[in-house]
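Per-chain residue numbering starts at 1, and chain names A, B, C and D are given in the order in which the chains are listed.
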């Protein structure tokens, strides 16, 4: 009994402390000072990455290393606090941003000193800057809205890929002998066509082809018209579409909040009137 | 009699088998596995075209050749199935996509081995990739909507062509002596002007002209303003216009499905009310 | 008396023939064949201009010269017919397009053979192609809608000119010593800045400046942001604005034609109902 | 007593003259001729700045100097007049444009002859052209509307900066050895990436990288897709959004002016009708 009692007492103590930590971490999460602190740590880590690209003396490198470990520790602390503060532990790892943050922190903890893996370690440190996006709600919202437009892009990108593929196949079949660096195989040809689409020295590419095939301009001009028109069409179309949908939704919500009557409400009211008049008879 | 009888029996057997094939082909057409199979064949044929642009050993070339014939056979089979499955044979060749598919398959069957026609054969094989568009309904829809915007472009393209023609005429009249490669005749001048419109090394062209005609910048700047403004104007205008029309149509259809009352419905209801009150008197 | 009589008879004959010509010219104007004939003459005159830019033998030049005079004669005939056909002679020259056509034809009649004026004559012949726009109603409509957007552009162009002027003043004050060809005076600087705005080899210009002033990138980046953002803003803004206004107008006209009730009509009907009920009491 | 009397008389004289000046200055402010005079002075000062960038003889320089001082004097006079004419002196310096004008005039008064400060003096003179914007109401309106769109850009610019920073960090980590002039440190890398975003000779940068890292094209293509898509998205989005809001506001105001009934008005009228019918019972 005493054993069990002490065990229970410990259990309840542990429970109490967990609740306290949970409470504390939740308050911390919604604390403005803590938010600013984390943001400044992210900015500091970004500046650190930038600083490393300059030629700096050895002692400064030591300082940077220490700061690097401190930032990793603070990030680890922040994510643990966030995890404890979450009332629903199971749902925690279903959020993309939480997984993203955890992966960044965990990989930061792996000691990478040998030259082979140092590369990966450096990349991970760079992606820490993305934590800015995962931490600032406005940026998260913005990125989400950009991502929401992506599925709509899917088939258009496929269509443009087909256009590129066909033109690249034609290009590498006919122009490979003219300049193998630009038209050697279908992959290189697609890169060259992307260059043409961005208008980057595309006339040099065309003039070279026209020396052999004098009607080569049809190939280039039709490609430019197809891709730029299709590209503009799709980007403008999608943006305006997404905007209008959001606008209509917002309007509908606002009208409901304002209690504005809709045409349906009017129809209901008129129907009521009709009933009244009929009853009067 | 026995002859006629057997003939009739054969006839009915043929009819039955035709119905069976029709039924089978229609089920095949709406079969997801068959759809995926055809799509993967198209992708395979596209990869084949790409593979041929790389330097590959002879035995691989043999394999590619065999695969090429197999793909042609499968495409032939698919189009025959599709034709049999169509309940209205006469309307089959009034659809642009059916004609397109048939032409691709038929031309693929022509044996082109000599170097002269090999070129055409290669092109046909490349256009097979377009079958992707004719097979995937979403891509077909997308291309149709792009094509629908084209007639609206007609007069704008004509207007831009006139602007190009006038500037090219002025250019080749005055600048031909400066650089015949760029302004030699009206066709070359139009190509040069298209280059200027895409901002590709246009200052080199202008500086060369300005050495002789110091006010040459007026020619180039006015051309750039006219064409980019007109181009942006037309592309944005058409896209937004087409979008708004589609949006309005969709809205009207959705409202009908939802049974939402329109202002016309309200007017009808009020008129009914009026009749009721008058009758009451 | 007989004199007066014959004079009257002549007068009435002249009047009759004028009416006949007027009637004939009006029927000609709305005649499809005549329209196609004039359009083909304009196209021919455009091709002639193009043909002259190629090296052609002497006898062909003679043929071209004869055709040139024939086209001028036909144009003169067409404009005279048009003038006679117009019931309101005074209003004829208040239309921009009529003035334009007349000037083109009149200047074409001036014999320009000596080398000095030949230049002007050539230009006039080129501007004949613009007659296409003045003759085809759809193109006239299109150009009018482009011109209608221009006044809206006025102040934006002024604002952009001020931005250009300030940056050019700064540029020619500080960078003139670095490269006088690009920053020599304020006019050259503005041309250089326009080149930077079109992204044409702008980094070469910037790198050259940054060798002397290492913070020169601020000048170029701020300029690019200001001008591209302002430009996009204005073009998109104006196009969408003009479109929406036209759309709303068309909608209103269409609704009137369809006899669709507006909210105002509903309000009137309800007011009528109210009156009915009050009278009933 | 006589002293006080004379003092009072002086006071009232001063007051009267102040009122007279205020009245005069207010009339001057709304005077069209004075407005045109100030605008022509601003244009003259702009032309003066431009003239100084040309090589001009010494005596002309003297004339320019005198004109410069005269313009400064006129600007000083104009701002004093404007200040006196303002009925609410305290609010005068809360307007950004007034502060801007005053700073320009005050700094113009400082004598800057030695070479060190001459630079600053020249810049101030250039910024005088901005007075055009502060003086013409339409330009002020335009600039205000551009500035109003800026806060909306805030987070998008931040997001693009993060994308740039991450890519610059990756670039300077991996490509610094290839070309230190382009990828030496994170700041230079960001400038190089901006160059890539404007498509300015970006293929040269890419080909150089691809000689060492053959998959380097992924880096460049993903960057171009991210930034151009995000940029187009944000500019079009913001412009269309701002336009729609303004359009809706204008529409609402116009409808109120026209006395057009809204759906709310209809609902009110129907409710009134209902009351009437119920009372009738």
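Keep this in mind: contacts are C-beta pairs under 8 Å (C-beta built on N, C-alpha and C of every residue); 3 or more make two chains touch, one makes a residue touch a chain.
Just so it is clear, the model here is predicted, and its values are computed rather than measured.
**Q** Can you check whether chain A and chain D touch via the same residue numbers (shared by over half) or via different ones?
**A** Both copies touch with mostly different residues.
**Q** What's the distance between the Cα centroids of chain A and chain B, rounded to whole Å?
**A** 32
**Q** Give, as an integer number of Å, the spacing between the C-alpha centres of chain D and chain B.
**A** Here chain B and chain D have centroids separated by 46 Å.
**Q** Would you mind listing the residues of chain C that make contact with two or more other chains?
**A** Each of 199-201, 236, 240, 263, 266, 270, 273, 277, 280 in chain C touches at least two other chains.
**Q** Can you tell me, using the touch rule above, whether these chains form a line, ring, star, complete graph or other shape?
**A** Topology of touching chains reads as a ring, each chain with two neighbours.
**Q** Please name which positions on chain D make contact with chain C in the complex.
**A** Residue positions touching the partner: 46, 49-50, 52-54, 122-123, 126-127, 129-130, 132-133, 138-139, 142-143, 146, 149, 191, 194-195, 198-201, 235-236, 239-240, 243, 247, 260-263, 265-266, 269-270, 272-273, 276-277, 280.
**Q** Mind listing the chain B positions that touch chain C in their complex?
**A** 155-156, 158-159, 162, 165-166, 169-170, 172-173, 176, 184-187, 189, 199-203, 217, 221, 224, 229-230, 232-233, 236-237, 240-241, 244, 263-264, 266-267, 270-271, 273-274, 277-278, 280-281
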